[in-house]
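Please find the structures below.
Each of the two complexes below includes subunit A, the first together with subunit B, the second together with subunit C.
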Partner chain A sequence: MLIAILTGFAFAVLLLFGGKLVKGKLAILSTFIPLGLFIYFARFIGDVSSKNFIQQDYSWIPSLGVNLSFKLDGLSLLFSLMITGIGTLVFAYTSAYLKGHKYLDRFYGYLSVFMAAMLGLVLSENIISLFVFWELTSISSFFLIGFNNDNPASRKSALTALGITGIGGLLLLAGGVVLGNISGTFNISEMLANHHVIVGHEYYILAACLIFGAAFTKSAQFPFHFWLPGAMKAPTPVSTYLHSATMVKAGVYLLFRLSPVLGGTDFWNTTLTIIGLITMVYSAFHTLFRTDMKGILAYSTISALGILVFLIGLGTHESFLAAAVFIIVHALYKATLFLITGAVDHQAKSRDVTKLAGLRKVMPMVAIAALLAAISNAGIPPSVGFVGKDLIYEGTLHMENSVVLLTALAIITNVLISYAGYVAGIKPFVGKLPQQYENVKKPPFWLWFPPILLGALGFIFGIFPILIQNSLIKPILWSIGLEASEVHLKLWHGFTPILGLSALTIGSGILLYFILKPSQKLESFIAKFDKASPKYIMEKTTWAFGRFSAFWTNVFQNGYLRNYVSTITLFLIILMAFTLLQETTYKIDYSSFSKLTVYEIVILSILILAIGLIVFAKSRLAAVVATGIMGYSICLLFVFYSAPDLAMTQFAIDTLTVILFVLVLYRLPKYLKLSDYKMRIRDGILSLAFGGLITILALEVLAQPVNSEITDFYAKNAYLLAHGKNVVNVILVDFRGADTMVEISVLAISAIGVFGLLKLRLKSVERYQK
Partner chain B sequence: MKTLILRTASNYLLPILLLFSIFILLRGHYLPGGGFVGGLIASIAFVLHAFANGLKNTKRLLKFHPGYLMPIGLAVSFLSGILPVLALDEPFMTSLWMHEAIPVLGKLNTALFFDIGVYIVVQGVTLTIIFTISESA
Partner chain C sequence: MEFLLAIITGLLYAAGLYMMLRRSLVKLIIGLIIISNGANLLIFLLGRITKGHPPIIPEDSKIFTEIYADPVPQALILTAIVISFGLQSFAIILIKRAYQVVKTDDLDEMNTIDEDIK
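On to the complex of A and B.
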């Protein structure tokens, strides 16, 4: 399974070198990657449907409990099939949609990185590795939304999406760590065993809130929904694949997966139900006010995600069943609607539903696909949408409390969603063909075949629901620990109240379509409320944050080295004074001090003289030389206290520092007095306070009992384990070698920094051009 | 500084100081010394040479930009750390030792190569910084 996940990453890396190959006629060949993976996962249907879940483990960071464990159960199988199946069609569709685009190879690279990350996400058993893949999907989504990177609106949308989903990713990491601490494992199936411990823990609410934050941002729930309509700036294959069928369902997947771990409590169910309800009704209403096909579909997608969260929140057997079926239903019809939108946009160069009409004459196959999808979307029999909608009503009707309210809201949402489907799927194709579209060319095969295939599947699964019942739906329920033997998906249940509700929904939807026509007026009406929308508030907050950081930077990063030094010193003084003044005992044990020798007195006098010389020097060179004297004196102190390694290094460093100073000073203008007496006195007080505090600190440290465990360990084992007699060096190159490795890397980076700052300055001509 | 004495002396001092820096590097495991100090001493040798003969002559002597020493040194250090992982499946930075001693060098080990990497990086860093600053100041 690891290889299956890594295939996408490997393909993306190969495209770096062989990108030219997929730009031309061979673009369609890249479809074989997702197709092969689809066949690979489809082979497991037999195993999974007989409750034989597949688990594979690879140790990655065992010391932290982070392993690459993958599990293929019903839920992950469904998602894997969706990712690779719709992926196959999207890859093929792209070859026609972006034919001859100069960055087609890049596009395929991002897409396959996304596919691999998404597969990793749904197959991960370990919550930390799930987080890693989760972030990878956010990053690939960022690149895909900003694919048209010369368009400022695309770039902005990409940043918004990355910001929102990125915050969600961090919340997921935090939630995973909290869960890991409570249950002692990062493995989701092992957490399951600790369900009662987790739910009863004092940090349960925190963990649940963090997971909610992650799921709601990823799955575009209110009030984080606004990144999704913005993400429609991406090319349509991306909207189809990431922003309707797979990635936005990652949040739903997470809630589904963690329901048996965290769910079953009032807090969990109520929060999910309320957020789901708000989202589904709020964004279903928004579809009424859009004229862009993709805008309509974006809001109806958010609404559908709201339905899924709502169903998970209900937490009953019926509602989980409904959610499982609705995931399939929605993926099929929504992907189709997006694909036909892309085909229309590609051929007619417009997505405005108020202008498009009569396109069935120029693109009949696309029109058929759109019709199929609109029917399934509206839940008209015999489509699978009908089965799905029935199950939703069954879910709400089986609730104990507020049945009427929940059912009514579900009906309203479904009516509005079916209206959105008609507007996007039927309206552009009926009526009289306007003159401007008479010359629209027929779309190529790969633009109409994928949507028609998906649309037809929606009907096949509707007429023969048994096809998905045993292979996919039952294993999904098993994988969250529910019984599934009573599951019988049927198109016809006889005359039941649910049938009545369905008829009501379908009837109202059709009525609404004939009464209400989408128009610019409606769109400008809703724009008035933009100032109250979460999007506006978020944008304002971001703007204020930017202003604040600019202010902060201007105050503290003012470019004067002396100000930096005094700020840092002042901060340290406050910090040290605060703790030292509270806890110091001021007891000095003179008996432990060794006697002062003549050498030390001499060195100390030299030190004090050198300091005086620095402060009162009349030339820079004298000050630098005095600094050098100080350094050498300290070296001598090291020698007296038997630290030859330190002395040697300090000696060499001091020599080089003085040389560096001299090199720079040599070129500077004449020595100027830049500070007056007031400043000098202020600096003097600051330095004295700092020095005094350091002295107290040093004395305080001496007064503490010494814990020599570590010293003893190194002293004992330096020769036994590392065969060295010089303990300092053994620590540097062996015991703590990884530290040294990082330190020399930092050194190298700083040297590159110096080189870059001084050497690569823009020439004056270049600067002028900018 | 164009003094004849310093210039003449620096020509003899350079190889001696470099030899001394290698000596410091190699004795590090048992006596005071090591890659870091060794690298600094080697840099001082070149800087002294540059002082006496001018930067251009030193650069000509070096034949390549000292910046290249940084990736080389980092690679040597990293390889010596990763070798135990690749060869014996031991944790990163486990030091491996040869059983037989070689004249002068003693028993070869990965820690020594790690230290050699440090030695090279430190030289690259110091010389890059000093050369860059003295050229553009």
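On to the complex of A and C.
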């Protein structure tokens, strides 16, 4: 299975080198990749339907418990077949839809990366590797939505989708880690064994919420649904494949997969039911106000995802069965509807349902496919949609509480969805063909064959539900630990209340189609409510966040050196004060200090005067002279306290500095006082606080005992090893000779720099300044 | 005496920081000089001070026979003084050059120079 997953990635890498080959007539050949994988997975139907699940493990990071474990059970088999099966059709369809596109190779690359990632996602047994593949699907979706990268709206939609699903991915990682900590394993099947521990754990709510966040963002549940309509900016094959049939079902897949781990509690069921209900009704209503075929289909997809989440939330045997069937039903008819939308768009260059009409005359095969899909979508027998819809009603009718409410909402949603199907699948093909479309050419084979194949499958499965019952549906229920021997999918149940509800749904749907015509008016009406929509709120929030970070950056990264210095010092003061003032004893042992003598007092007084003069000097010369005095005073201090070498160095250096300063002085402008009174007071306080803390620090250190180990070593060995009597000199030129060497090089470089700057001739630019 | 030296060290740091916070480039350099002197004094003080006993082994013996000042901080400070001179001299010349080009000593007027020169 690892090889099957890696095939897609390998193909994408190969396209980097051999991309030109698939751009031309050979594009159709890339279809063999998903087709081969489809056949590979189809071979397992026999094993899986006899409850023989296949598991393969590869060590990846065993120390962290992260392994590449793949498991093929009913649920992952269904998804694998959908991914590779619809993938095959989409690959073939693309060869006609994007024929001759200059980035066709790139497109196939993204598609196959997505296919591989999605396969990895549904086959992963380990929640961490599931997360990795989950993120890969988000990333490939980002590239596919932004495929028309010269269109700003495309780029924006791609970013929104990446943002929303990316956040969801992080929540999944967090949720996986929490689950792993609770149960001690990252393997989903091992978590199953710990179901009671997990559900009873204090972090259960947290784990469930994180998983919800991941699933709701990926599967476009309210209030995160808005990225999906935006994602329709992608070329239609992408919308078919990622944003209706497979990727957006990843969230549903996750909830399905984790239901036996986290499910069965009131919190789990209630949250999923409510969110599912809101999503399905909210977006089903939205379909009424759209005129773009893809927009209609996008909202009806969200609504269908809402139904799936809702069914999982009900948590009964019937509802899981309904969800399993509905996944297949929806994949078949929705993919078909998207494919026919692409064909219409490709040939007639429009997706506006208010303008399109009578296209059956120019593209009869597409019209047949559309009709088949619309029928299945509406749940009219003998399509598989009818089977699916019956099961949904069976699910809601078997609930203990609020049967009427749940069933009523399910009916409303189904009516609206069937209306959406009629508008997208029938309306463009009936009526009188407008003049402008009379010359529309017939679509090529690969544009009409895939939808008609899928549409026909919807009928074959409807007439012979046994085909999917044993091979797929039963294993799905087994894979989440439910009994499935009683499952019998039937088209005809006899005259039951459910049949009545079905008839009611179909009838109201058709009635609605004839009463309500999609129009620009309706679309502009709903646009008025945009300001209350989650999308608008999200955009405003990100905008505000951007503004806040710009403000924050401007405050701290203001480009003024002194502000940086004062900010850094302020925080240093706070930190130092925090530690020093807490631990300071304030006991100073004066007896350990050496006695004061008169000449010391004199030197110190001069030093203080010099410092004062520097700070308050009015002229630059005075400040420089005072700096010199300060240096000489320190030099004298070195003399008093047994450091003759230091004194000599300080004397020489200080003299040189003063000379250098005076040399450049006459070129400089007047010594200005640039800052105002307040600023100086503020800086003064800051500086004094800093200096005060340094004093306290020094006194604190003086109160500690001295460690003289290193000193003793040098003192003992200065003469014995290095044959020198001045220990300071011996350290510098002998023990640490290499350091001194480097130091001399630094000085040499600095000297070269000074020389260079002095001798540098003014360039023309600088002359221009003068 | 150590107590007074500690206060002086703090004073040097305070004065140095205050000068560094000024807008004038010259004051910035002077502040740098003061702070580096303060740092030298701090290291010197924390290595403990000893009066009248430089770390030089007497003529007639091979090792110290009586107390001596700690040579390690002295070696460190000597290095520091020399290096800071390298820095200061370079900075001073840089001010001069900068003034020749932009005609100002005010840091605030210097920060847009990238846009002005073509």
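Criterion: the second predicted complex is superposed on the first by the 559 of 770 C-alpha atoms of A that agree within 3 Å, B and C clash if a C-alpha of one lies under 4 Å from a C-alpha of the other, contacts with A are read in each partner's own complex, and residues count from 1 in each chain.
As a convention for this text, a residue touches a chain if its C-beta (ideal position, glycine included) is under 8 Å from a C-beta of that chain, and two chains touch if they have at least 3 such contacts.
In this text, all values refer to a predicted model and were calculated from it rather than measured experimentally.
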item	value
Partner chain in contact with A:Thr84 - subunit B first, subunit C second, else both or neither	neither
Contacts of A:Leu747 with subunit B and subunit C, given as first, second, both or neither	both
Subunit B versus subunit C as contact partner of A:Val565, first or second or both or neither	second
Partner chain in contact with A:Ser124 - subunit B first, subunit C second, else both or neither	neither
Subunit B versus subunit C as contact partner of A:Ser141, first or second or both or neither	neither
Partner chain(s) touched by A:Leu702 [first = subunit B, second = subunit C, both, neither]	second
First, second, both or neither for A:Thr301, with subunit B first and subunit C second	neither
Touched partner set for A:Ile634, first subunit B, second subunit C, both or neither	second
Partner chain(s) touched by A:Tyr666 [first = subunit B, second = subunit C, both, neither]	first
Subunit A residues touched by each partner, larger count belonging to subunit B or subunit C	C
Overlap of subunit C and subunit B interfaces on subunit A (superposed complexes)	644-645, 649, 653, 656, 660, 664, 667, 725-726, 728, 732, 740, 747, 750-751, 754, 758
Residues of subunit C that touch subunit A when the two form their complex	1-15, 17-24, 26-28, 30, 33-34, 37-38, 40-42, 44-46, 48-59, 62-64, 68-72, 74-75, 77-79, 81-90, 92-97, 99-108, 111, 117-118
In the complex with subunit B, residue positions of subunit A that touch it	644-645, 648-649, 652-653, 655-656, 659-660, 663-664, 666-667, 722-726, 728-730, 732-734, 737-738, 740-741, 744-745, 747-748, 750-752, 754-755, 758-759
Footprint of subunit C on subunit A - complex, ascending	559-562, 565-566, 569, 588, 590, 592-596, 600, 604, 607-608, 611, 614-615, 620, 623-624, 627, 630-631, 634, 637-638, 640-646, 649-650, 653, 656-657, 660-661, 664, 667-669, 671-672, 674-675, 683-684, 686-688, 690-695, 698-699, 701-702, 706, 708, 710-711, 714-716, 718-720, 725-728, 731-732, 736, 739-740, 743, 746-747, 750-751, 753-754, 757-758, 760, 762, 765-766, 769
In the complex with subunit A, residue positions of subunit B that touch it	24, 28-37, 40-41, 43-44, 47, 51, 67, 70-71, 73-74, 77-78, 81, 92-93, 95, 97, 107, 109, 111-112, 114-115, 117-118, 121-122, 124-126, 128-130, 132-137
